[in-house]
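The structures considered in this document are given below.
Here come two complexes built around subunit A, the first alongside subunit B, the second alongside subunit C.
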Partner chain A sequence: MSAYATHEGKSGHEEPWMSAIAIGVGMILLGVIILATSQGMHSFIHTTEGLDHAIYIGGMVACALLVIFGTIGILVGLVNTASGGGYGDDDHGEDGYDEHAHHGSWSPIIMAFGIMLFLMGFIKWNHNGDFGILGLGLVITFAGIANWWREDFGNDGKSEPIAFGEPFGGIEVRKVGMWIFLMSEVMIFGSFFSSYLRLRTGWTTHWDVKCDAFGHGTPCPDGYVVVASELINESIWTLLPGAINTFALILSSFTLVTALSHAKKIDWQKPTGKLTGWWMPDQRRAVRNNLVATLFLGSLFLVLKLIEWDHMMNGAHPFTIDTLAGSVFYVTTGAHGFHVFVGLLVLLFFSFKAQRGGWSPDNAQSIEYFGLYWHFVDLAWVAIFPAFYLY
Partner chain B sequence: MLGRKAAILVLVAMAALIAAPTMTSLPTGIDSMGDSGCTCHGDSSSATTIVVEGLPENFTAGQSYDFTLTVVNDGMALWQDGDAEAGWNGRSGGFRVIVSEGTVTGDSTLTQELKGGLTHTTAGNKMRSWNLTWTAPGDDSKVVEFTLLGNAVNGGDSSNGDQWNSITTSVPGASAGAVTSSAPPLRILMTAILLSVTLLVLAVMYIFYSRNPEGFSLATFWDYLKGWLTTTDHKGIGLLYFAYGFFFFLVGGSLAMLFRIQLMFPENDFLEYAEYNSFFTLHGTTMIFLAAMPMIAGFGNYIVPLQIGAQDLAFPRINALGFWFIAFSCILIFTGVFTGEAADITWVMYPPYSSLTGDSIYANSPGTVSFIAGMIMLGASSTLSGINFIATIFVMRAPGVTWMKMPLFTWSFLISMFMLYLSLPALIVGVLFLYLDHTIGTAFFAINAGDPILFQHLFWFFGHPEVYVVIVPAFGIVSEVLATSARRSIFGYKSMVYAMAGIGILGFVVWGHHMLTSGMDPTLRVVMMATTMLVAIPTGIKIFNWLATLWGGALVFKTHTLWALGFVITFTLGGISGMFFPVVGLDMQFHDTYFVVAHFHYVLIGGTVFGLFAGLYYWYPKAFGRKLSERLGVIHFLISFIAYNAAFWPMHVVGTMGMPRRTHTYSVESGYASLNYSISVASFIFGLAQLILVWNLVYSSKKGEKIGEDPWGGWSLEWTTASPPPTPSFAEIPTQGDDNEHEERGWLTRMAAKLWGLGMKKEVRH
Partner chain C sequence: MSEHQLAKWEHALAKPFGNIYNFNLALLMLFTVIEVGAVYMNLPRYETWAVLISVGMVKAFGIAAWFMHLRGDPVIITRTAIFPFFFVILMLWGIGLSNPAGIEDLPSWCTPPWVPAYGA
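Presenting the complex of A and B:
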């Protein structure tokens, strides 16, 4: 605990939430700078086909992510400033975090309302380009999430509920819940995979025909569909993102576990190596830097993913979403990307909390439970990548 | 005081009734692709004006009127200044006319009928003025609304640069009153929502006021309301769930009454076929997802933590999130009703009909797409509940509540939640595909490129477990009620648990019997036939266990006992009619006839609803500290039971006669008329009888007989806490003492213990 003593000021409730707003504004500015740079470079490098497009799309996606992160940072700051910086409506501040306290929460009703507006607005937006309801829904949903975070900033892990009775006696309840949740996630991806198998094995399509779609070998019969894996070595811009992404995700699992192990250490000591010492000068920054690295690697995954999608859609052999092959490919990899994105939102919250010195060995198990989800998302990618890209 | 409050409420209700008719008049409001303007040509532009000449001041019934529609735009330059050599494609204008009454026609080479309105053909594209004819409707007491859209086209290679505009005008009939204009659909939607929320708040405010008339103020009322909106307590959420589900049970019932009026007489025209399609779609979805599931979730929320001796669910906030998802999903599901285009894709939502997009005249309306979005929210809600309940039952059982001493209702709920959360992902993914087909243009179920059967597999992989999800908790309730009423423990506790678990497992391998006529491998048909028939075995075990419980007990006839006995009778009948469908040859004949309707209403009303009513009479005293009136309860049961059987039994007969389901009318010659008449009359009686229950719920909450902790002599933990229970529900975690006699060892174990002196220690009991 001694390592935290020097950061008491950081972890208390006294510090105003202006820093969250400042970080948020900084992120949006960085996003705008990246966008401007990439658009500028885009107009210079139009000789190298591929690189040109990659910079163009990559800049836009990176900017979009940073703007979303920044907006949430500002919302968190505003929500906390508005509520006087306390945690929850009532007794969270004094009694600590208690999953069982009957204090009530506004977050569920706000989030559910926001998601309803989002689903409604998404239809409207696709129908006639009207962004109003969609945007409103997103803002309300994020406000609900920000409020949920506010209630959880005070979780010091002192009253973690523990299971009793068989078969899970002695295990934290939230961990059990996470495993049960992951089972339903397995069923979600199982549904995507079984749909894909049904379509791919030719029960209803011509996909099982072995031929050369691009005309170098056996010509393909009529009705044959081009699939993603045939396009994978079309160009470096479809080959490389998948390769880098796989390692980015696996590496991000490592950095997350590193953050966990540093947050869990009771007698933390500064690493002796020169690089590791610079990377982890004290316990707070050791946790924060590793969390931010995870956030960065996850964001990198999404940026590269969209660069790859862009090249598949607009390459020499367009692979579009209005075919069955395209539908199942983009929706399944998109659903995985959505899971990564949700993970990034949690990581953002964790990073904010780490910045304020909010992690201690008592509450670091939250990182572990999120880690279960994050590893699951990695694992899903390890299954999706060979099935959709290589086969 | 009460009289004045009631008078105000009646006045508000009457204002709502007066406002209601304007909600149906939506000639300009239909928000189909194309009706919201020429959106493919960009935004509307005030540079274009539309001139109409020849429409009358007042119309006479049946008369035809010639009129001219002209698009004027002097400021716009034609593409390449109208030089065909340089790329001008010769087009200069387009139009669209929608009328609320009567028909508009024009030269067939220049104009065409499209999606309920008139528009130009390619040939009609080359001019800016069109001569049209409007034939007035036969009733001249109406006001006819005209929506006229005109587009000034520049004839370029894309639709960029075109400038369109629209006007609306109305022509009253000779005997119509003053012209009233109609509001845009969004305003009507918001009005309807605000009106119902206002009514709801007023009603809640009245309840709060009547509790303590002296201490009433807006601030205390807001605190009270805020408590309900932000509650994370399992009892509060349980009551919200039940109230929500019961409200929609009445809504779904009213929809059924409406189409029973339509089916009362052959060739009836009370409902249009489109209205009929929407009504039975909403009836099915409402009853399954917005009525049965929330009512079951209500019981689960309220009773399960009490039965296992837990203070709350494992994740209270997630629980609240699940409720609010389901609460808001109803807006998405019913939006189409307010904008005039309700979903008509049935609760099974089969593509390709449900995935039609684009220019087809059958293309789904935004109301349908939002219905599909509502299904995604329902799926998310139930997944969250499932995770929460499984975690709770696994980790929060009090000392003494071991697996084989857990009350049967908790067991049934655990099994049903397992089935729900493992099967729902398939539905979510299937419905997501459908939603994306409609929005971002994927091709999963498209007619020419997609695979509609895939949706049927995904849907029924969820759909069959789903019907067990709504019936298995009713098994649990009936087991509890019968055992308590027979004043003994349930017969064959272990076999009950294994039978329910067996149904839970079998439920995942029988979905194909819904698709026997969809085009399936004959081998798979036989496999699905065998697995489906296997379900009869665990179900039979349960029915015999209930009968054996009655046999060995001394039965006390309370209202909940009557409902449970009624359940055993009707559910057995429904189970037997269910055994006809897995037989492939019979199913080919019965599929999509009223025989199917009869079967699933026998298991869903006679099973689920009767079971829930038994639970309601049984546990109402626990939640409110007062009994429901037994006298009203018996009347409610007798009328409902007789009317219910009179309504649904004849459906077996019309089904075997061949009457198809999901069809809005039948011919005089078909011979279905007399049976349908009696079905309708009986169903009205059944519907009205539910008002007795509504009155009983309200009346008994104030005037019911007060009770202590355990009015019925139940043995499980929920009867050891006060009625209503405090928050948290138990001051300290209780210990369950009653071992409910199912721990006795069988003769084989006893003999083995004697023979080899294994000396199995008796388990220490508290």
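Presenting the complex of A and C:
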């Protein structure tokens, strides 16, 4: 018997939304503890490799992420408590919809409108420091996200729309939509790479000339360009964040696909291994733990990314965004990091939903469609890592 | 993607690892180590490129085929996924390799037949 069968009976309405609020508060407290610990360690540890500063920055970023996650958790708990939300509450029989149907939502449109205002406001803020439109855009964007979360917590996935026209006839509409979206993402990263290739093929770099750009050995010729990989490959300590991040992303893809495979199983059985049995004691926790592990690994990626950026921008040889080499590096890796951050927000929602036992073989396809996005982010890193970090 | 949608050779690869996802994780980890190692071995430039591009292709296949389930999905999804790469290749060729300083060492068959004004 599926573990969901037993869980469904007691979860949903009976599990209070207070748990989301408690988890949110816990996350914020954890963030504060990490921040305090990192600041304390920063005062005591002094290394030549800059490890003390890395701990300082890492603590700040981890705290910021946990505060964001915790705040969202508290908001989710409050909103759903106020609206009586919860899965199983998605009944729309009054307005003619099927009881289990997940009908169209205004939330993406609200969110898109908020993002438009945010981007318009960003220009204005950058130009004259006026925060008004930017702030309004942020509020509307978060309102759209919050409403989307509230609506989707109740989605039991029993009415997956299927395409009926050619060439996608018989395939789930959301899957097709996600692939079309990923096509546009390929074009975005493709344009970054073509820009980088054009610039890089015109530069004289450490691949062409053996010299010391930092004034300690053979001077470099005129027109020599210091690229990111030259700084990153300076020592094992500078390469380490990027290398760990590569493994973290691969592992996060694995944990996500594992969460999906457990959520889809109708005849789920507890793994027989000691460690796997402890990690996945029932189906709900098998899904939740793997989703939380993905969330953790994605967060680790961002923490290490910002430690690395800080070292590159403020280290002994500053590599700033106001050069062509810096610009193409920070824009490409920044766009990728932004994709990871957006993915983390979705993973946070998935984890809260998993905590309440909201995933079942009927609606696990949502994890699959998000997984396409997350694996694409991993795929983009497969190209970015050698191109910008190793070469 | 369920196990029955895998081909025989995939079953053979997955068997020692329990399932195809475990195999893919091991494959991706191993090839990342090779990738980093190739750069640290200070191989000549073109050998390093060959290793990085080959490893990248294997990793991309592993992620797309098994993690993104293209192997178990209808072929039209794979075609959809591949479609934008046609334009990406055009961009890499038409923009990426159009730098006058960048095309000097390239064979004529992969050099765009125009001379852009970049750097003029």
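By our rule, the second predicted complex is superposed on the first by the 306 of 391 C-alpha atoms of A that agree within 3 Å, B and C clash if a C-alpha of one lies under 4 Å from a C-alpha of the other, contacts with A are read in each partner's own complex, and residues count from 1 in each chain.
Just so it is clear, contacts are C-beta pairs under 8 Å (C-beta built on N, C-alpha and C of every residue); 3 or more make two chains touch, one makes a residue touch a chain.
It should be emphasised that the depicted structure is a prediction, and the values quoted were computed from it without experimental measurement.
In the superposition on chain A, no contact is made by A:159 with either subunit B or subunit C. When the two complexes are overlaid on their common chain A, residue A:197 makes contact with subunit C while staying clear of subunit B.
By the touch criterion defined above, A:323 reaches subunit B but does not reach subunit C. Of the two partner chains placed by superposition, A:235 touches none, neither subunit B nor subunit C.
Shared contact residues on subunit A (touching subunit B in one structure, subunit C in the other): 167-168, 171, 176, 180, 183-184, 187, 190-191, 195, 198-199. Listing the residues of subunit A that touch subunit C in their complex gives 167-168, 170-171, 175-176, 179-180, 182-184, 186-187, 190-191, 193-202, 207, 233, 239, 243, 246-247, 250-251, 253-254, 257-258, 261, 368, 371-372, 375-376, 378-379, 382-383, 385-386, 390-391.
Residues 33, 36, 39, 226-227, 229-233, 311-312, 314-317, 320-321, 323-325, 327-329, 331-332, 335, 366, 369-370, 373-374, 376-377, 380, 383, 386-388, 390-391, 394-397, 399, 401-403, 421-426, 428-430, 432-433, 436, 438-444, 446, 449-451, 453-454, 457-458, 727-728 of subunit B are the ones touching subunit A in the complex. Partner subunit A is touched in their complex by these residues of subunit C: 19, 21, 24-25, 28-29, 32, 35-36, 39, 45, 48-49, 52, 55-56, 59-60, 63-64, 67-69, 73-74, 76-77, 80-81, 83-85, 87-88, 91-92, 94-103, 118-119. On the side of subunit A, the complex with subunit B involves touching residues 89, 99-100, 102-109, 111-113, 115-116, 119-120, 122-124, 126-129, 148, 161, 163-168, 171, 173-174, 176-177, 180-181, 183-185, 187-188, 190-192, 195, 198-199, 204-205, 321-324, 326-328, 330-331, 335.
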